[in-house]
Amino acid sequence: MSNENVVIKTPLLSVRNMDVTFGKGKNAFKAVNDVSFDVYRGETFGLVGESGSGKTTIGRAIIRINKLSAGEVIYDGKRISGQIDHETDREVIKNIQLIFQDPMASLNERAKVDYIVSEGLTNIRHDLSHEEIEERVAKALLDVGLLPEFASRFPHEFSGGQRQRIGIARCLVMDPEFIIADEPISALDVSIRAQVLNLMSMLQQERGLTYLFIAHDLSVMRFICNRIAVIHKGVIVELAETEELFKHPLHPYTRVLLSAVPVPNPHVEQKKKVLVYDPSCHNYSANERPIWTEIAPGHFVRGSERELTAYREKLEKR
Amino acid sequence: MADKKKKLLFNRQMRRIDELDQHIQEGLALEQADKELPMYDAADYTAEQIAAIDPKWFEPHGFNEQDAERTAYSNYSYWASTFKNFWRNRAARILIVALIAIIAFAFIQPLLPNQHDPVTINNDPETGMHLRNLAPCSEYWFGTNAIGQDLWARVWAGTRTSIIIGLVVALSDLIFGVIIGMAWGYVRSLDKALTEIYNVISNIPQTLILILVSYILRPSMTTIIISMCMVGWMAMARFIRNQVVIFRDRDYNLASRCLGSSTLRIVVKNLLPQMVSVIMLQTSLAIPGAIGDEVFLTYIGLGIPTSQASLGNLVEAGRVLMMDSTLRYQLVFPAAVVAFITIAFYIIGNAFSDAADPKNHV
Amino acid sequence: MENYLQNKEVILSVKDLSVRFSLRGKSLHAIRGVSLDVYKGESLAIVGESGSGKSVLTKNFIGLLDKNGTIDKGEILFEGMDLAKFKTEREWAKIRGKKIAMVMQDPMTSLNPLKTIGWQISEALILNRGMNHAQAKAETLNILKDVGISEPERRYKQYPHEFSGGMRQRVVIAIAVACSPEILICDEPTTALDVTIQAQILSLIKDLCRKYGMTTIYITHDLGVVANVADRIAVMYAGDIVEVGTSEEVFFDPKHPYTWALMSSLPQLGEKGHELYSIKGTPPKLFGVIRGDAFAPRNPQALKIDYMVRPPYFEISPTHKARTWLLDPRAPKIDPPECLKRLKELENIESGDMDE
């Protein structure tokens, strides 16, 4: 089915056995547990899960806000987690950017837009003159559909959608390769969401950006993502290309998430049956351990041998 | 009718100039539009009037994307709003004027003609006796004290001393408090060490430290200032630290970290501006605090020597005479100044921090 | 759907309501002349973006308008009383909780963290229904069972922090339902919850309303929620209801360009690789006077008159009306955006695997 994408895929970012633990000793809480995935150059990789699933933590661990307690992050062939040299550090700062969820909290209220947007450039591009930086800021603002004159204003003068675009401009000005978008539209008004989604896909086409798109809402993901990983309580349970995942969800949790996707059509929505995920449905016996397996090309799922056999049968029937 | 005219005028002001341009371009002056469709709401028209509206109004208007972007713009500046709000508070407005006047006068007073010296002991020119405990009169406006010094001059000299102490101590609290507090709150590796140091020092009663320093050094204004500075920064640093912990992990600071901003830069550009209102409040409270401490130290006998007038030793001298109703004026005047300065700083500081809180802005 | 209004009586009627807020000397016109009938037993959804006034409107029904807000015109008729005239807390005490109850977005704000769940529900029963403690406890256990909380005996003694977000919302609903109010207002009842919990809470509210014969008013920005629960939909924009109709009418035959825009910008209707339909700009500030149709500056199809005169309601059917000049016979015929048709198609493209 998905043979149209036989183009050679090179991973831009690889997460290998990532663990993130908060707290120490008795209070330790493992937010991310042995997570591995690859993000290919130029694609939009979705990470979907409910609150507390650790999806935001993964994004923040990649950009080094949270520390890994085990595993590593490889970016473009280089390890970027743990201790890294100054040169790599600067490369990461330039190449990986983060779009925050809440545009109301992610902009410094007391700084003008030009400071906010130029902050990264002044930090790492000492070779640029003041005028060149100004020019790039103006261009970044134009790129996100704002007017360059906005540069001399404070963030509180802008609406949520405009502020989110200022946040995107702040990323773009660095000319990054990889952008982690942490629920970039869920705090926005309905009428603004489409603007921001359009902007993101337009930028991807123009600049060949790679996105890690984190969200709790599968309906948005279907529109924007190439591949989706489903995460539950810090563990990735299924990973597949978007349509494959929507058409042939295997893991019970994925099916629950899919069943809950809101449909803006009263006929469908009122008939809809929402499933409930109960981890005990796996019914693992003592010597059974769920393993991470590629069950079909590009389709990974976590399950015990018994479950995997059942999944395989299901896939054959389609 | 007049009401409607006002409405129209208002409407015209509200309309942006570019919109006007558009209308003119279309050969449709606003005047004309208002004449044909004078009311804003279809509910104000009768059915016949609606039926009679010219079909030309039902042509597409045209659309400008940038215009749509501009709709949300509001003209707001943080500091302008802060000062506007502050100035709207009448009590604070009056007090700040009065306070500035008093402080200015305290420093101008010795330069004025016909002023007595605050330390000279005045003698009666006829008898040569000390003019002791003279009640307020036209020559000695606030009267004289027990050894015949002019109380008017002494009160202003005392105000000068106390204001200088207050300002210097508050400034030192501000500088050390902010620097240490920022490091304490933001640099996680310092947190533990500084907390321990704070715990140790703050568990020694502050008065004890003040007393110790005053004993070790000779009593003077410098001693008082040094001892107060040694203690004062702690409260400020702790306060700043708590504020920083609140703001430290807000998204916008994480964003700055991801963009490679140094700690110093984040502190100066992100954290300090966020906390400026609370810092101002703390500092403005530190001034009357230091003045009060000086009064207290003098009261327990560790203050500035009586040779140099300060509000502390004036109040202390007055306190001794408090029970004698004819001499009570010696307490009333300095006490009034202390009270005024304390209350004024307190109210002004609070008014300012209210005004600086963006939640109170439109 | 023509007979939607048959045998329906109006339970709450808002007539030309206008609400202003004063903010540091400026006046904000939050509700600009809203008229709305709520029918007994129906479930009405008020849809709008933040700042559209949907919450402000319903806060008037239970007297919880912020202190700087005033009703300067209009009436709210309920059981022969005009709620807009209510001044004192005493008057409201007869309505709030007993006749009209509200479920807020964040369950934690409406629960007292220091009291047990059982105490909080029985308190409402004792105060509003005059029960004694033993009766209240028995009734509370019943209600807890009703809202789907297992082991009510054990849960009765627990504190809010021992509950998960979804469970807390169930408790809030239990408190609201405890006094069997006539009208239940749900202000974004599921926004703070996970998607899988959302659907459970919605079906719980629906079941309870059927069981107790309550009228429900939902306030939401989520069209998925609306599709799930609403019999009738009112679309709000900039303090005004721009379109109102039955769920069927508003979803499949919307007339107002704002409703079009709202529906067609849904990512569910997008095709991968194509641009989503999007509304330009942002909602207007409600300070000062808005002339004409508030949506005009963002509406590519706006007519000249949209900038001049606020449109009246045009009736499309007895239940469906919209405030747009596009429905005037003199206006050019403008078709709704193409992608709205995909809304209907959503019925067919659901994943095959899911049905078993």
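Note that the chains are named A, B and C in the order they appear, and that numbering of residues resets to 1 at the start of each chain.
Everything that follows uses one rule, which is that contacts are C-beta pairs under 8 Å (C-beta built on N, C-alpha and C of every residue); 3 or more make two chains touch, one makes a residue touch a chain.
Remember, predicted model here, so these are calculated numbers, not experimental data.
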Seminar exercise, completed: Contact tally winner between A-C and A-B is A-C
Seminar exercise, completed: Relative to chain C, largest Cα-centroid distance belongs to chain B
Problem set entry | chain A and chain B: spacing of chain centres that average the CA atoms, whole Å | 46
Problem set entry | Chain centre separation in whole Å, for chain C relative to chain A (CA means) | 32
Exercise. Mind pulling the chain B residues that touch 2 or more other chains?
Worked result: 69-70, 72, 74
Exercise. Residues of chain A touching 2+ other chains?
Worked result: 159, 162
Problem set entry | Residues of chain C whose C-beta touches two or more other chains | 280, 282-283
Seminar exercise, completed: chain A partner, complex, touching residues on chain C are 49-50, 165, 194-196, 198-200, 203, 221-228, 230, 247-248, 251, 261-263, 265-270, 272, 275-280, 282-283, 343-344, 346-347, 350-354
Problem set entry | For the chain A and chain B complex, residues of the former touching the latter | 60, 63-65, 89-90, 93, 96-98, 100-102, 105-111, 115, 119-120, 123-124, 145-147, 154, 156-159, 162, 167, 170, 174
Exercise. In their shared complex, at which residues does chain C touch chain B?
Worked result: 23-24, 26, 33, 280-285, 288-292, 296-312, 325, 328, 330-332
Exercise. Where on chain B does chain A make contact in their complex?
Worked result: 66, 69-70, 72-78, 250-252, 254-262, 265, 269-270, 273-274, 358
Problem set entry | Contact set on chain A toward chain C in their complex | 50-51, 159-162, 189-195, 197-198, 201-202, 216-220, 222-224, 246-249, 255-270, 272, 274, 276-277, 314, 318
